[in-house]
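Chain naming follows the written order as A, B, C and D, and within any one chain the residues start at number 1.
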Amino acid sequence: MEIVYEQNYNPKTADFTPILRAANAKKPDAIYIASYPNGSAGLVRALAEVGTDAKAVGGGMVGLQFAGLMAGLGPMLNGIANYDFFVPEPTMNLYPGASALIDRYQSKVKAENLKVDALGYYLVPWAYANLDILGQAVEAVGSLDQVAIGKYIRDNEFTSVVGKIKFGKNGEWERPRTLVVQYQGITNNDLQQFATPGTRKILLPADISTGDIQSFNSLRK
Amino acid sequence: MKYTFEIICMLLIVGLFVLTQVVGNQFYFFIGFVILQYMVMATAWNILGGYGGYVNFGSAGFLATGAYTAVALINFLDVGLVEQMVAGGIFAGLLGLATGYLTLRLRGVYFAIATLALAIILETVVAHWDYVGGAAGTSILPKRKPELLGELIVDRKAGIFANYKEYLFFLMGTVAIISVWVARYIENSKLGRGLNAIKDSEEAAECMGVPTLRLKLIATTISGAMMGVAGAPLASYLTFIDPLSAFNLEYAINAIAMPMIGGTVSWAGPVIGALLLGTAQQVSSLWIQSELNLLIVGVVLVVFVIIAPEGIIGWFRKSRQGSRR
Amino acid sequence: MSDALLKIDSISKHFGGFTALSNVTTEVAPGERFGLIGPNGSGKTTMINCVSGLLRNEEGKIIFDGKDVTDLKPHKRTGAGIARSFQIPRPFHTMTVIENLMIPAEFVGHHRGEKGDDRAEAMEILETMGMAEKADDTTLDLTQIELRKLELARAMAAKPKLLISDEAMAGLTGQEVDEVIDILFKMNERGITIIMIEHIMRAVMRFSQRIICLDAGQLIAEGTPEEIVKNKDVERAYLGSTDG
Amino acid sequence: MAIFIDLLLNALVIGVLLGGFYAALSIGLSITFGLLDVVNIAHPTMLVLGAFIAFLLNSTWGIDPVLAGIISTPFFFVLGWLIYQVYYNVFEKSGAESLRGLAFFFGLLFIIEVGLIIQFGVDHRLVEAPYIGQSWNIVIGEEIDVAIPFRLLVAFVVAAIATLAIHAYLTKTFFGRAVRAVAQDMMALRLMGVDPIRVKRIAFAMGVATAGIGGALMIIVLPIEPSLGRLYLGNVFAIVVLGGLGSISGTLLAAVIIGIAESIVATFFGPSWAPAVSFGILLAVLAFRPEGLFGKTAGAH
């Protein structure tokens, strides 16, 4: 793959149209963006304002999973393919306890008016799974000996709200389970649409995919 | 006795060492390191700010210079922590000297803004320097085979210190004690008196024979070097470093707030400020809510500049004077 | 007067387009009591700032004690023997009165290789000013006249050959003015040359042996107090300034 | 070549718009710091507070953010009034060294920031308005297409109106001249029968009041979160100092210069170099011309 343009930005960049324009000038087929929330939102707006002829846009954009940004950006998200951890697609319901957990979380957020992610899909299941695995390991080992707990976690497979998890040699998951989703069919700024299936189709991993990738501009408007 | 203070310093260093041998829980060294690092930063800031009246807003830039000198050295030569700290001190000291030269016409707020600008420029440059990780940062894992004295230093079974946290804590504690000694020495020296004169009236000082430029350059260099030494172990402590964390404005505000709370006229001020504020921040962010540590700095700073403008030390002196009269 | 202590040789100073001093030449003899007068904005303060080194004159030379000091920094000139007071007192306000005096004693005296008891010498200066009791007070507790005296005392602690007194009497009562004049006479008796910049004519006329008058950055008159009083240019300069 | 011209033209247009936006962020500080000599380093964080108020009004009642900014302006005026009251009584009246005043505002900065975190959380917030995400394209010939994002255009127009109004107010009215005089000669004002403290209090309150409208523009241009103010701290000070203290028109011009410099650097070298450029300009100005580009009085003293 040939890289035609590569650039960094700094966190206080107020306007991202120059960077997108400079990228467009190199006529890329795909634009890969690795950004933090401010940059993610700025680039999504720039994509709406300047547009692009690239066929695929997205990648590692932190922030587009947040309830606040999703609602704020609304239809501007259409066509972007981005990483995610947990979305309300039917294939995600395979995991025992996942939907119950999210229901519980959302009602708690509402009841206690917590200033946190109103939807609770992005990190909640994984945060829960983190502690769940640690808890399972502590119970299995029967003590708080760190070395023994570490060994148990490395050697065993766990069942959790995010499915079966086994750690590989390098400490990462043996089988990567990060999702790649594509935003589509978003018509307004209502947050609740992101709690229903269809707005974020799972492209990868293949075994739980709910749609195929479509070109960026075919999903705009 | 003439050397009472020096003897107390030595005893404190021995005391730190004993602590590392007696206390088993690494967690205390983990938070102790931060408080001690702030003590060095506050003490260093106070040499220029408290004695000389020049407010440095760019403390984080000097700390980060130390930190990134260490990272570059690890990548280049794979040297140990002590060497990293010496090198960090040298480079940050040179930066201090350069800052002094560049800003020699600037006073008051202008100096403060120039130091802030300098820190931001440095941050931008570091964010583009891929050798030390660039904007994305880099991981620094404690080395398996340390150190100046070989494996003797850190080793679970045979070393002087059982783990890296203890070693970092001991080093930072020693640096803190040496910094306080240096600050106290300066305070009671010709340099300290000259800086005080500069703070009160730079023109009068110059006309009374004080070589203001030379003293300012010495102060920026020493202050910068201390901050660099404090910053050098940062990457090893965090095991990861990126420009955002190394250049964080929180270092700058703490370096200002701590001396202001303790009192800027004496070496003891920054020490008291760092102990109080540093401990309060650690406690609140670990056991209550992480945002609270910043709220504490803010509220305490505002309250202190309003009701106790000379800090805790000034407050004590005043109440003692009051009772005498 | 080839053996002058201070030679000001055709100096000029500009601020942007404004000419503050224009080609001023004069000399001060050793031991002389020298008066410098002129209306507001005539360049008096600019001139002594050039002599003490706080400002650099763009043209001309300043020779002190036989040495060219034009390019020296103020603290070097103080070391060479020029000391000054400030019109608006600038005490080291975080220090006590005696500590104020010990700054020049330490930085100038030690620089010259003198090793004396700084504190005792400072006390002696304070005694001649009648301020010995205030030695350990902070400067914030001082009255206006005490602040003026401190300015002079601190300058004296630098052991100068030439003392420049910049409007040390402005705003003082008649009795206080006399007190300051007495102090200046006492210093002069010790062999210190004194330049007095002053608005209070009575003081300048009584004190000075010789006076120069500046107007709009130019030297317009030079002579004994009697000559200056009669000088038409001086009269015009002062009357002109009171109109505006 | 046509691509180069296209990029350059766009960079210039965006730079000017960005400059207007920066001017709106800096104008308040230009009054409080430049004219009144009060180092309000909490100003950028007050802007963020203004942005959050605009967010609140927009998300609760759907009020247009610009209107929301106008609505919150009186609130900031009162806030500024109160802050100056404290600042004057505690620091200025006693002639306290500027170091303490500086520390006071530094503390205020963190109090506001954490207050926002506690109230709103650390999430990024956006507002909804019909002009956000749209742009106005001017096509010249085959290759050149200048796109003007509406959110920047709105920010620019509002900022231009606000700053020009303030500029006119300060130069044309009696009160405005009093404000400009207060920094130089308090005594003269007293002789004219004007209470300089009252003048300073109102002027400071005006400076802080700009955080209402400036904050609203901020959230129109980019998503905001509580600690965003810190990132702009250097930028607004750079603009005010570069423009020369006490010069409102200098601030405007400096904002546009920084805007254009950042936009051109962002286009041709990448946005990550932009802060180094603007701060490099600032440092150079401070080192060689401390009175700022358009200042008349020497700033170093």
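Assorted remarks:
The rule we apply is simple: a contact is a pair of C-beta atoms (placed from the backbone, for glycine too) under 8 Å apart; a residue touches a chain by one contact, two chains touch by 3 or more.
These figures come from a predicted structure and were not determined experimentally.
Shared contact partners of subunit B and subunit D, listed by label: A.
Leaving out subunit B, the touch network of the other chains consists of the groups A, D | C.
Chain centres computed from CA atoms place A at the largest separation from subunit C. Compared on C-beta pairs in contact, B-C and A-B come out with B-C as the pair having more. For the pair subunit A and subunit C, the distance between C-alpha centroids works out to 75 Å.
Averaged C-alpha coordinates give centres for subunit C and subunit D that are 46 Å from one another.
Centre-to-centre spacing of subunit A and subunit B amounts to 39 Å, using the average Cα coordinate of each chain.
For subunit B, residues that reach two or more other chains under the stated contact definition are 124, 127-128, 135. Within subunit A, the positions touching two or more other chains are listed as 8, 10-11. Counting partners per residue, subunit C has no residue that reaches two or more other chains. Chain contact topology: the protein chains form a pattern that is neither a line, a ring, a star nor a complete graph. Listed by label, the pairs of touching chains are A-B, A-D, B-C, B-D.
Those residues of subunit A that touch subunit B in the shared complex are 8, 10-11. Those residues of subunit D whose C-beta lies close enough to touch subunit A in the complex are 3, 6-7, 10-11, 14, 17-18, 21, 118-121, 123-128, 132-135, 147, 149-152, 221-223, 225, 228, 231-232, 235, 263, 266-268, 270-272, 274-275. Only residues 49, 53, 55, 102-103, 105-110, 112-114, 116-118, 120-121, 123-125, 127-128, 135, 249, 253, 256-257, 260, 264, 291-292, 294-295, 297-302, 305-306, 309 of subunit B touch subunit D when the two sit together in their complex. The touching residues of subunit B, counted against subunit A in their complex, run 124, 127-128, 134-135, 244. Put simply, subunit A touches subunit D in their complex at residues 7-19, 21-22, 25, 37-38, 41-42, 45-46, 48-50, 63, 66-69, 72-74, 76, 115-117, 189.
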